[in-house]
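One structure below.
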Amino acid sequence: MTLSVHVKHSFPAFTLDASFEAPPGITVLFGRSGSGKTTLVNAVAGLLRPEQGRVAVNGWELFDTGARRWLPPHKRRLGYIFQEGRLFPHLNVRQNLMYGRWFAPRDAPRAEFGRVVDLLGIGALLDRRPGALSGGEKQRVAIGRALLAAPRLLLADEPLAALDEARKAEILPYFERLRDEVAIPILFVSHSAAEVARLATTVVALEAGRVTRAGPAAEVLADPAVTPLGARAAGAVLEAVVLRHAEDGLTELGAGGLTLVVPRLDAAPGTAMRLRIAAHDVILSREAPVGLSALNILPGTIQDIRSGDGPGALVSLDTAAGRVLARITRRSAQAMGLEPGQVCHAVVKSVAVAPDDVGGGPGMSGLRGPGSA
Amino acid sequence: MTLSVHVKHSFPAFTLDASFEAPPGITVLFGRSGSGKTTLVNAVAGLLRPEQGRVAVNGWELFDTGARRWLPPHKRRLGYIFQEGRLFPHLNVRQNLMYGRWFAPRDAPRAEFGRVVDLLGIGALLDRRPGALSGGEKQRVAIGRALLAAPRLLLADEPLAALDEARKAEILPYFERLRDEVAIPILFVSHSAAEVARLATTVVALEAGRVTRAGPAAEVLADPAVTPLGARAAGAVLEAVVLRHAEDGLTELGAGGLTLVVPRLDAAPGTAMRLRIAAHDVILSREAPVGLSALNILPGTIQDIRSGDGPGALVSLDTAAGRVLARITRRSAQAMGLEPGQVCHAVVKSVAVAPDDVGGGPGMSGLRGPGSA
Amino acid sequence: EQVTVFAAASLKNAMDDIVASYQAQSGHSVVVSLAGSSALAKQIQQGAPADIFISANPDWMDLLEAEGLLEDGSRRDLLGNSLVLVAHGTDAAPVTIGPDLDLPALLGDGRLAMALVDSVPAGIYGKAALEHLGLWQEVAPSVAQSDNVRAALALVATGEAPFGIVYATDAGAEDRVTVAGRFPADSHPPILYPVADLANRDSAAEEDFLTYLQGAEARAAFEAQGFTVLAD
Amino acid sequence: MDWLGPEETQALLLSLRVSLWATLLGLPLAVFVAYALARWRFPGHALLNGLVHLPLILPPVVTGYLLLLTFGTKGPVGAVLQDWGIVLAFRWTGAALAAGIMAFPLLVRAIRLSIEAVDPKLEQAAGTLGASRLMVFLTVTLPLILPGIVAGGILGFAKAMGEFGATITFVSNIPGQTRTLPSAIYAFLQVPGGDAAAFRLVLVAVAVAMAALLLSEWVGRRVARRVAGQ
Amino acid sequence: MDWLGPEETQALLLSLRVSLWATLLGLPLAVFVAYALARWRFPGHALLNGLVHLPLILPPVVTGYLLLLTFGTKGPVGAVLQDWGIVLAFRWTGAALAAGIMAFPLLVRAIRLSIEAVDPKLEQAAGTLGASRLMVFLTVTLPLILPGIVAGGILGFAKAMGEFGATITFVSNIPGQTRTLPSAIYAFLQVPGGDAAAFRLVLVAVAVAMAALLLSEWVGRRVARRVAGQ
């Protein structure tokens, strides 16, 4: 396991007692405000000395209260993007960005300064001091500072919260690239369903200081019993390969013999991709529908229908492309007479497979970089 | 006009030159990071003294450089939720919350302390100091502090950015109530399409310090030429009336003789509602579709088909319930042979009309409060 | 050669003149460190690089002598001084200082400015004189003590205190005060400024300057400042 | 305090009284001056700043002499004060004035540093919530600079306890009125053999000051924790 | 400086030298002590704090006398230093030591206040970026407390310029070696007719200190702006 976290710590009115193991990739920590996310990240960073616990990254023990081992933060080779910026007010933006580099070992793999600056759109700010930057500008500089520190472990506490959608869409692929190409383990706190769905290799849900669910993203998000991010987070992840780019701006993907159409992707034909299809974006049809504007129609067999207290039901459908989840009303499920074992069609609007929900799959290092996203 | 804003101010590398007039309700300011939103709000608050300009609220001039009129901030009766919290570190949460009240005139209409505290879920924090609160907790206290100041003008600079979806969903209705019941003008900065769509009476788009678009929310968001929040923001708003609450947890709404089904709403039958249907949640069908899981099918006539450079097209459909927008691919539009004037069916999944997108309509004061949302 | 003299600060003017003329005629250089006698004595105890000490207070010289820090037989009483009663203003009526002096009446509710009566020589002498005349008891509550004579004089000069007891040498040059009376020389122990050669190192210049201090030119300088020269 | 004679006890109590009043009365003025120096630009800024530092720069005797000239019964200010019934010359009040003036630069610097460290954004926030400038100062700035006030206060108190030169020059040394601990110590040091007595008083002064210091550290830590918001 | 005699010029230059060295050498130590007092808990914390404040509490004469007893050629430390070839007693170096010790509490307080105002979160952030404690101090804490160092420095410099009691008691008043401006002023004040000369020197001292003050204000403002991040 890349990231092994066991932490117990008590504040007067709050106790954190969290354990999880995560494989390489991005581990997204989520949970409601006050559930202990920042506290957990601080413990991993060494800013909080927990009463008890052990944290290891790629087998490298950062601390172990049992073995009385404690690496101070500056030996942990971190890139920590704080929830509140924490830029150095006396340094200009450039110096803030370069700060971690002064202390990184010479031979550490370094992110390219210019590239990070371009990505974050902070080129014009380099000679300014943080005091008069806008909220989002500060946050972007903070991201850059962490990325440029040549970290062996990246901690990101809601790094994108202050950014506009367009900027987020530009920065997200960079985290994916870190995950895939540079293979840095990343602990990422997020409230956003789209971010979680897109980035997470592993999802860890916290509630009042305890881990309520931890596991591979696809599994946790596809589990109708877990909708910690709101109903909108449920969804399924399909593995697909880029087939061709059509002139009308659409890209065709192949998945298990089925063809899926999404807005143009910047990936060469043959590239393996991960597509996320949110459960609430899927309509079910008993018959193969005709004359619909939706381009993606995936036939499959109903595996399971779960309904909770609310009016909704979550239907799992096994298709040739993989498992697809559909969130429909109980009323529809009844009206359509849906039962496990029945054949059914999942109708997905191509535009519902939005850029946010398409990410480079794991293990495709070097094929896609942020520059091409 | 409730809010009349004309502001010109220059920083070394940035010039704000923005003017707009907004009717009662919530004016949402959006634009990319660094576009001048906070600067504009600061000018309205009186924290920045602009080189030139005039701001008036309900005809009450806050400043006018022409007439050399300048009200200091403390005479403006503001509730300003800052982008960075700014809680008083030496006061506990309760004292922070009560701070504005100490200075408000006796007879000012006051939000109920207990109600605001409950709404924000900060009851357990009242005796703590801000220093050790979590990011979201701080932000909630900051919201409470502004709300409890009995303001005549509420300024909210990304107030919900640090909050989880569930918490946001709880707080949003409160802003709606302020807009509708208490009728305080609100200037609200947001990056979130859902928030903009839900709250905005008026939308003002800023780009590099200039207003690029300002107008009623429905108009701006329905304008396919303006997708400043990303393609996902386009959508249409329908006026509807609650018909009945079914046992299966769904609520049926009537709009222009058509019936729409949404997850249960806490509103008495007869209540007027505003529904937002996002363009990307709509599928079009030439024929009236059968055997689909989607419950809402609105027949209508195509008014307009717009397509830009991308693979998408935005179709406006006039239905009995009102105008509906559908975002589909150009490929589908062609394949289906869609033309203005044709009859077509808009298919909307009931669950796509999510709680986030349902709000009390304007002019329905007193019918719905946050307590019942 | 250089000679270092530690001298009571009240000798500054005289020493300035003497040193200037001595240097001109002898070619030796003399540096004078001016401070309170107590500080200088303590410094000498701690090994200060002084060759000659002129104290405003025989007690400190006694101490050094007892500790064997003085060159045997080098101690002399160099100067004498007298005490005067000064009054604020330029035209104060003269009084006769004797057992009959009604000092309290003279003071009214004003203060009598003196140097510290138990620790600073001018104060000690003043108190002794008043006691000798039988005036101390009644005047004691009205005494304002300063850390040195000059500060006491300043109190009279500014009019804060109507009267003060200071050295004759100090009173002369201050034109905001009048000398109202002189204390009889026998009303207090003799006011002496002893000089001595210190026992650390010796040089010809040191001897030379000691001699010069007791010579005619020095005498003139001291007398110009109002001192009585005792050495012969 | 058996081993302290009555006169020495008197000197100790007087020193405490003088130092406390000097510090307590000096503090509000110091806060005002520090605020003006930190936050306002006005003609005479440099002059005021210089004036505040003057007692530090001048030998204490000179300060004492200037005080005498100004606040003495014949001085321009002293004469006016006397008409109002306030007498400083030869009174403990004058000693407190001297001590206060000598301590003043220390008070001002510490408080000014604290004021400059207050984030103006918090003050702005208070303004948007309806607090006038005065209320902002009282409810936000003042509590936030409390650590500086405590630090300045203890520094000033210590200085006042040790002040000697200006005091004795201005108000002389009158047992029970102006004979403070340092004056008493000084007097002992002037006579051969007085060291022992002087050092006994030094120990008393040190003990008192240490107690004050410990108290201020404790207060300071509490206040700092409060202000840090934990 | 035509109207200053050569001796007076000498005293002025000596005072400047003594004060500059006292401040410059005192500052690094003051930063260290202030840091220790502000950030570390250790046995002897209160003792160190007390020791630092001692020169403020004691009458300067006492401090000078203690210095004489300790650093004099016969004193325990002085004797050792002398073996190493460092002589303080009756040299300008000793005057600098006395001035430095008298100024030390002022340096420490100002710097400590600044250190306590530094947000530890920034230091933590630097730590996560790989900076060791020393580097955090050098690259974050130190630049952020510069205003305090400047403020403390000027306060200390002013105090050193005005220091008299401890200096004259420790190193006497030897022209060219230990006769600083205040000592010269003192000497003039001890004799009839010296007032005019004394006040001329007071004016010189005030002018110098004012110049230093203005400079420090200017530097302080620049530094503060830098630190405020604008």
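In this document, chain identifiers A, B, C, D and E correspond to the written order of the chains, with residue numbering beginning at 1 in each.
Here, a contact is a pair of C-beta atoms (placed from the backbone, for glycine too) under 8 Å apart; a residue touches a chain by one contact, two chains touch by 3 or more.
Owing to the predicted nature of the structure, the values given are computational and were not obtained by experimental measurement.
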- Message: On the document's contact criterion, could you list the chains that touch chain B and likewise touch chain C?
- Response: D
- Message: Once the contact rule is applied, which chains count as partners of both chain A and chain E?
- Response: none
- Message: Do chain D and chain E, two copies of one chain sequence, contact each other through the same residue numbers, with over half in common, or through different ones?
- Response: same
- Query: Ranking chain pairs by contacts, what comes out on top?
  - Reply: A-B
- Task: Give the label of the chain whose average Cα location is farthest from that of chain D.
- Result: A
- Item | Distance from the mean Cα position of chain E to that of chain B, given in whole angstrom | 60
- Task: Just give me the whole-number Å value for how far the CA centre of chain A lies from that of chain C.
- Result: 90
- Task: Compute the distance, rounded to whole Å, between the mean C-alpha positions of chain A and chain B.
- Result: 27
- Provide the C-alpha centroid distance between chain D and chain E, rounded to the nearest whole angstrom. 20
- Item | Junction residues of chain A, two or more chains touched | 84, 132
- Out of chain D, which residues touch more than one other chain, so two or more? 61, 65, 164-165, 186, 189
- Report the complete set of touching chain pairs. A-B, A-E, B-D, C-D, C-E, D-E
- Interface residues, chain E side, partner chain C - complex: 61, 64-65, 68-69, 72-75, 89-90, 168-169, 172-179, 183, 186-194
- Query: Tell me, which parts of chain B touch chain D in their complex?
  - Reply: 45-47, 72-74, 76-80, 82, 84, 86-91, 99-100, 102-104, 129-132, 145-146, 149, 155
- Query: Along chain D, where are the residues that touch chain B in the complex?
  - Reply: 121-122, 124-133, 135-136, 139-140, 143-144, 226-230
- Query: In the complex formed with chain E, which residues of chain C make contact?
  - Reply: 4, 6, 9-13, 31-35, 39-40, 42-43, 46-49, 148, 150, 169-170, 172-174, 225
- State the interface residues of chain D toward chain E in the complex, per the touch definition above. 46, 49-50, 53-54, 56-62, 65, 105-106, 109-110, 112-114, 116-117, 147-148, 151-152, 154-155, 158-159, 161-162, 164-165, 182, 185-186, 189, 198, 202, 205-206, 209-210, 213-214, 217, 224
